[in-house]
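Two complexes come next, and they have one chain in common, chain A, joined by chain B in the first and chain C in the second.
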Partner chain A sequence: MKHLILAGAATAVFALSAGVASAADAPKCGLANGQAATGTPINIGSIVSKTGPDDFSASAQAAKAYFDCVNANGGINGRPVNYIIGDDQWSPEIAAQLAAKLVDDEKVVAMVGNSSFVECAANANSYAEKGVIAIAGVGVPRECFTAWTYAPLNAGPRLSTLAVAEHINKTSGAKKFVCIAPNIPNVGAWACDGVTVWANENGAESSTILIDPGSSDATSVVLQAASMSPDAIILSLPKGVMLPVLVAAEEQGLNETIKFGSAASGYSLDVPGALGEAWNGKFVVNMEFQPLDAETPDNMNWRAVMDAHAGKDVPRDTFAQAGYLSARLATEAMLKLDPAKIERDSVATALSEVKTFESDILCAPWYYGAELSRHNANNTLRNAITDNGSWKTVSECAAVNDPELTDIRAFEATLR
Partner chain B sequence: MSILLAFVVSGLGIGAVYALSGVGLVVLYRATGVINFAFGALGALGAFVAWNLIELGHANALAWLAAILVAATGSYAYGRLIAPRLAFRDPVVRSVGTLGFALVLLGFIGWYWGEVPRRLNLPTDKTFFTIFGARLNMTRIIALTLALAMVAAISLLLARTRVGLYLRSLADDRDLSAILGIRVVRLEAFAWGISGVFAGICGLLLANLVRLQGMQLTFLVVPAIAAAILGQLRSLPATAIAGIAIGVTEACLTAVPAIAPYRTAAPFVIALVAVATMRASLLTMDRR
Partner chain C sequence: MTSPSLPGEPAHLTVERPGLGRYRTLVTIPLLLMAGAVLVSLAANAYWISTLTSAAAIGLAAAGVALLYGQLGLVSLCQFSLIGVGGWVTLRTGFAFGWPFELSLLSGGIAASLVGVLCGLPALRLKGLYLALVTLMLAGGFQVIINAFGFPDGGSGFFGRADASQRLMLPRPLLATGNEAYFLYAVGVLALGLMLIELHRRTKPGRSWAMIRAGETTALSAGVNLLLYKAWAFALAGFLAGLAGGVLAAGVGQLDGRAFSAAESLNLFALTVVGGAYNWFGAVIAGLLLRAVPSLLTDHGVDGYLAMVIFGAALLHALVTAPTGIAGQITGLGQWLTGLIASESTPSPAQQEAPASDKLAAETGERRP
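So, the complex of A and B:
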């Protein structure tokens, strides 16, 4: 009998602790009331580059996970979100067709969680004309950061590239930089120009090498960079192209003599392991968001949402963080509206009024900035360094000193 | 000047692998009349298998052997099962068939291994010599040596052995060879196997020297085809020299700022120029 009681008590304690654990892991989203939304659906669209040279769809898949969670928790004051995702297949024509379908036929109230290499140039103007605000997940080319109604959650390659250069300058006194980027218009040169302009204004210098991302000869690129005798080499390359450049640099022994840094495109949990011992403590990357494995409340909630509503095959990467944030932001903005009056105009107004969207995944609160003709609110960033097969955060959040941010900084001053 | 010499050194290693790939293509073309577009994909498949085995803790040597075996088996299987069914079609159809094979392999690699940054290390990466300010590691030296050794070995095989004699007769006239009692299908499959061995070795070297990525390795067949065309799809030494020259040219173009961002196009341009200027001689060679 005594054993039985003990066993029973143990079971109860176990069940209780399991309950506590699962409660801690349960995602919080929307109204968080546990009731499925049954009202008239609200159409929200998203365009991502899925099939093609790389898969950027994690952003929309994470946003979908969040909206699914919202729909299971009271929806937008009773109305579920009908989230429609399109794959532009890295084609501007398809991106434009998808936008027309979503905006004109599906009558979406907003675009949320977009992540595309080609969409901004193709669609930013038509979104502005039709009064659609796009709260994008990840924007890469310049056009994603110079549009009236397109506002990405990430910082973009230009700020990210400069942030890591600034960090290396601050910590090691490096003054002479070489920036290596892909020869893609409005991506590579634009990103490296940020370092050059900043360097010129701060007693440093920077040269740019543009490369074909399909090039098979990384060694020559590295030799060319080394021939300029830089203190630091900054990479603004997709990670698949970045890795061979670092391997070639290691082969030439440059990891011992030159500092290496990368824009956030190099921040992926499998990079330190793939690089190996020779790069331990020698490669700094910028991060546009909180480290993926950070145990802060909103980052934990992001992972809980993913675990509950996204398949195991959906990457838990920075794209997914961005998609989650964009969906959370849109949900919180729409929850302030009368559910009967959730239309494109009212949603655009609600989104444009977002002034302090807070999350520990971001360094600083995000704002839309209706008065601005372009959007780049995520401009305060952290850096991490390779540390025994993983990343170790090495800097506090720091504002990026890109002279191109003058308009943004002036606007931010009015917010305070 | 010294930086240009450094580029020459850096181009030598990759050029050597282009040379090896080109020779692998020519061996097959001479025996079967097929340009194997799947050459790069077969090498990629082998390299991924090797990477996987090393990750699982198997010995390096076993992984390399497996890579070569996988590429050779894949190539042999195609040569034995699919290629004979296309034997009497146009040369273009027979070559495009291998493009289909390449896409199937590429699709499989993408589906099974995905796009994760990976690195295939070889023990020879760590030993190096410094020449003109550039480090030339042992892997590159091995690639160069292998290119020369394989050209010599295949030339000997063709000139001195019975199989070589059969292969040459097949290259001269397939139908006549069959009438003379040469087992054409079996011999062609043998050529596919040899070409697969080349693909496996090249795949391993390129995965190390370039990058372990399916798409990249698959399309590295282009510079190899350029080398083969420069060798008129016939001469092994000329193909080998052309391969090395393409690698070195591509590397040296880094020194020309206006062209540097587009230098990846060098092998395509060279191949195009070669096709345009050598068209006449290629046509006269078309024996089928």
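So, the complex of A and C:
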């Protein structure tokens, strides 16, 4: 399978390099004809968690940048995209209200670029009922990966957490893990459970510590983890909660004796600098996508789209990569349709028929998998390590060995 | 906390006149609410139906706060936590027994009413600021507990958490699975709750509460059982908050612990005062303020948190100039208009003065003893 992935990636690189190499700075999107679209707008919705403990709106803002670029370049065969973003404020109640507004009132043809901690659970059923497919940017809780009409571009915290544990196990022989995660319903326990199940099947062991991200004390969390004398501590925490834990670990000198790893939430270009010298070569993170600064054609195009259509205040992070990919995927699927017949049903069919969406930002081509009852197409991941104030990629795309992926793997076997 | 007196408020307690006329509100509440709800469900879009469903649920809890504050002068700052208790039990029993939603709703209400009485125990000794502080701390305690244990979502065990498996959604009542139907259902529950309070106010408990508010020594000497009627008020307020929690839980199918911070209880109390704690529709206004105003702002692209600033200003306004809240101002406006019409049709001032003051006494006397 690895050969196929590499072949796929190579094809993608080749196909894109033809168009992008000639104009490295000009973003390329949609029909790329430079003409503003003037037809009847197509409503597309998105729900993100913006106001609240953390701001996850970068995904939708990047998708908006891409759709703006599409609208300036011929639209969807002449029809512009009217992209409507809702802020669920981390409340399932508001998420459900927004879904009613977007799906019933605005009559969106699809949801694209969603990124929320609460939305999947609250809305997955109503999307399925109304025949709306959601191509999410970033899914976090388990519900984002178990619904029939909800398909995120990212891998999710469970796979990301397990991938870094697997990497540390492979490179240092660590057998005893402690996984620290937030006590958010179906996020933390679900993510760490992946490490436990994998460890049990592979002659290792793992314990889980769930913390309240709002009120936990970093030092006591680290000491609690260290008291279990682990070989490695795996963090599956939001960045703002993770950094104090690492600082506390350094104060206790634990960075010298225990391996530290983090799920993709710890991957941000400013983290190695913030951690400093003491962590050089000692902190491994998983990446759900291509490194942010990679100079591959589609990653460069993502940055170009952001520079041309998103403000400087919109973060250029993995959420933005995911949002860009979801918007590009939806655009390409809709471009195949008769512009007069772009409706919810036809768009749902077109999206569900996506079999090989290629981008060098992804490890393997993304597919929807209409035959599956759930979606988790992004499941081959890379890892990186702190290296003199920046990240160095230390492992190439590797399939995550989560037993929960059995159905997904079986389906992928039929694809290839 | 005492409110400045209204012009025209009688200095003595009015004695309820006998007759069925005093039960008139019991008919007007369901008629007005249901008629309004049917009109709204015909005119509003899905976003507003969904928002107003939440507003109806919150209105129930506000009615409980208004009962404690308006009838007994007690400031309870843990009522939003009781919504959480009711929601928790509604979800837990709904998942555990799979029985009709109404039974889950009722058990949620009863559980919250029991917890409400426990919260109210300090009220037997404490009043004013001290009671407010104690109940606020209880709300803080609930915030910690619900964040640690979360709401049931179809898992096993006492806490019913489905942490690493498929979460379940609580099904809506069979009567009302659609959005419009569920909105009408929520307003129906709100109407029943408000009628329950009105019924209490117009019978013995209401009179006992009025005595307690006027002064505990007076009430005691008049033979009012302080313990019983205070506990009764807390139980009733808790019951309504519990129903609110159940209605919210079935609206989305789940609840989120982060939505039940102690600050929400403060907001609920503040907006109940703004809405009006002395009229039944004050609670409806409070529900609309808490849920519809933020939605209105968000719908127009304004940050929903700006609502907090507006609420703060509204509370200041209410405390300084309108202690009876928006509902009191509407009633006052209504009376002024009736007075105006009456004075035009009957030019002799001597003739109309007596019935007008009598009417005012009947209207406000019992509500603001």
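Note that in this section the second predicted complex is superposed on the first by the 392 of 416 C-alpha atoms of A that agree within 3 Å, B and C clash if a C-alpha of one lies under 4 Å from a C-alpha of the other, contacts with A are read in each partner's own complex, and residues count from 1 in each chain.
Convention: a residue touches a chain if its C-beta (ideal position, glycine included) is under 8 Å from a C-beta of that chain, and two chains touch if they have at least 3 such contacts.
Given the structure is predicted, the values throughout are model-derived calculations rather than measurements.
Engineer: For the three-chain model obtained by superposing on chain A, do chain B and chain C clash or fit?
Structural biologist: Partners fit side by side after overlay.
Engineer: Let me test your reading of the model: by the given contact rule, A:E166 touches which partner, first (chain B), second (chain C), both or neither?
Structural biologist: neither
Engineer: Regarding the shared-chain residue A:L243, is it in contact with chain B (first), chain C (second), both, or neither?
Structural biologist: first
Engineer: If you stack the two complexes on chain A, which partner ends up touching A:D298: first (chain B), second (chain C), both, or neither?
Structural biologist: neither
Engineer: Once the shared chain is lined up, is A:E143 touching chain B (first), chain C (second), both, or neither of them?
Structural biologist: second
Engineer: A:E412 in the overlay: touching chain B, chain C, both, or neither? Say first, second, both or neither.
Structural biologist: Touch partners of A:E412: none, neither chain B nor chain C.
Engineer: Quick one: classify A:S220 as touching chain B (first), chain C (second), both or neither.
Structural biologist: So A:S220 only meets chain B here.
Engineer: After lining up the shared chain so the two structures overlap, which partner does A:D68 touch, if you call chain B first and chain C second: first, second, both or neither?
Structural biologist: Neither partner.
Engineer: Touching A:D317 in the superposition: chain B (first), chain C (second), both, neither?
Structural biologist: Touch partners of A:D317: none, neither chain B nor chain C.
Engineer: Thinking of the overlay built on chain A, is A:K101 touched by chain B (first), by chain C (second), by both, or by neither?
Structural biologist: second
Engineer: After superposing the two complexes on chain A, what is the shortest C-alpha distance between chain B and chain C, in Å?
Structural biologist: Chain B and chain C, overlaid via chain A, are at closest 5 Å apart by C-alpha.
Engineer: Overlap the chain B and chain C contact sets on chain A and report the shared residues.
Structural biologist: Comparing the two interfaces on chain A, one with chain B and one with chain C, the shared residues are 53, 183, 212, 214-215.
Engineer: Taking the touch rule as given, give the residues of chain A at its contact with chain C in the complex, in rising order.
Structural biologist: Listed in rising order, the residues are 51-53, 86-87, 89-98, 100-101, 103-105, 118, 121-122, 125, 142-143, 146, 183, 185-186, 189-190, 193, 212, 214-215.
Engineer: Across the complex, what residues on chain B touch chain A?
Structural biologist: 3, 6-7, 10-11, 13-14, 115-119, 121, 125, 128, 133-135, 137, 206, 210-211, 213, 215-216, 219-220, 223, 247, 250-251, 254-255, 260-265
Engineer: For the complex, which residues does chain A have touching chain B?
Structural biologist: Counting only chain A, the residues touching chain B are 53-55, 183, 209-212, 214-221, 223-224, 227, 239-240, 242-244, 247, 251-253, 268, 270-271, 274-276.
Engineer: Considering the complex alone, what residue numbers of chain C touch chain A?
Structural biologist: It is residues 45-47, 49-51, 54, 144, 147-148, 150-151, 153, 161-164, 166-167, 169, 179, 248, 251-259, 295, 298-299, 303-305 of chain C that touch chain A.
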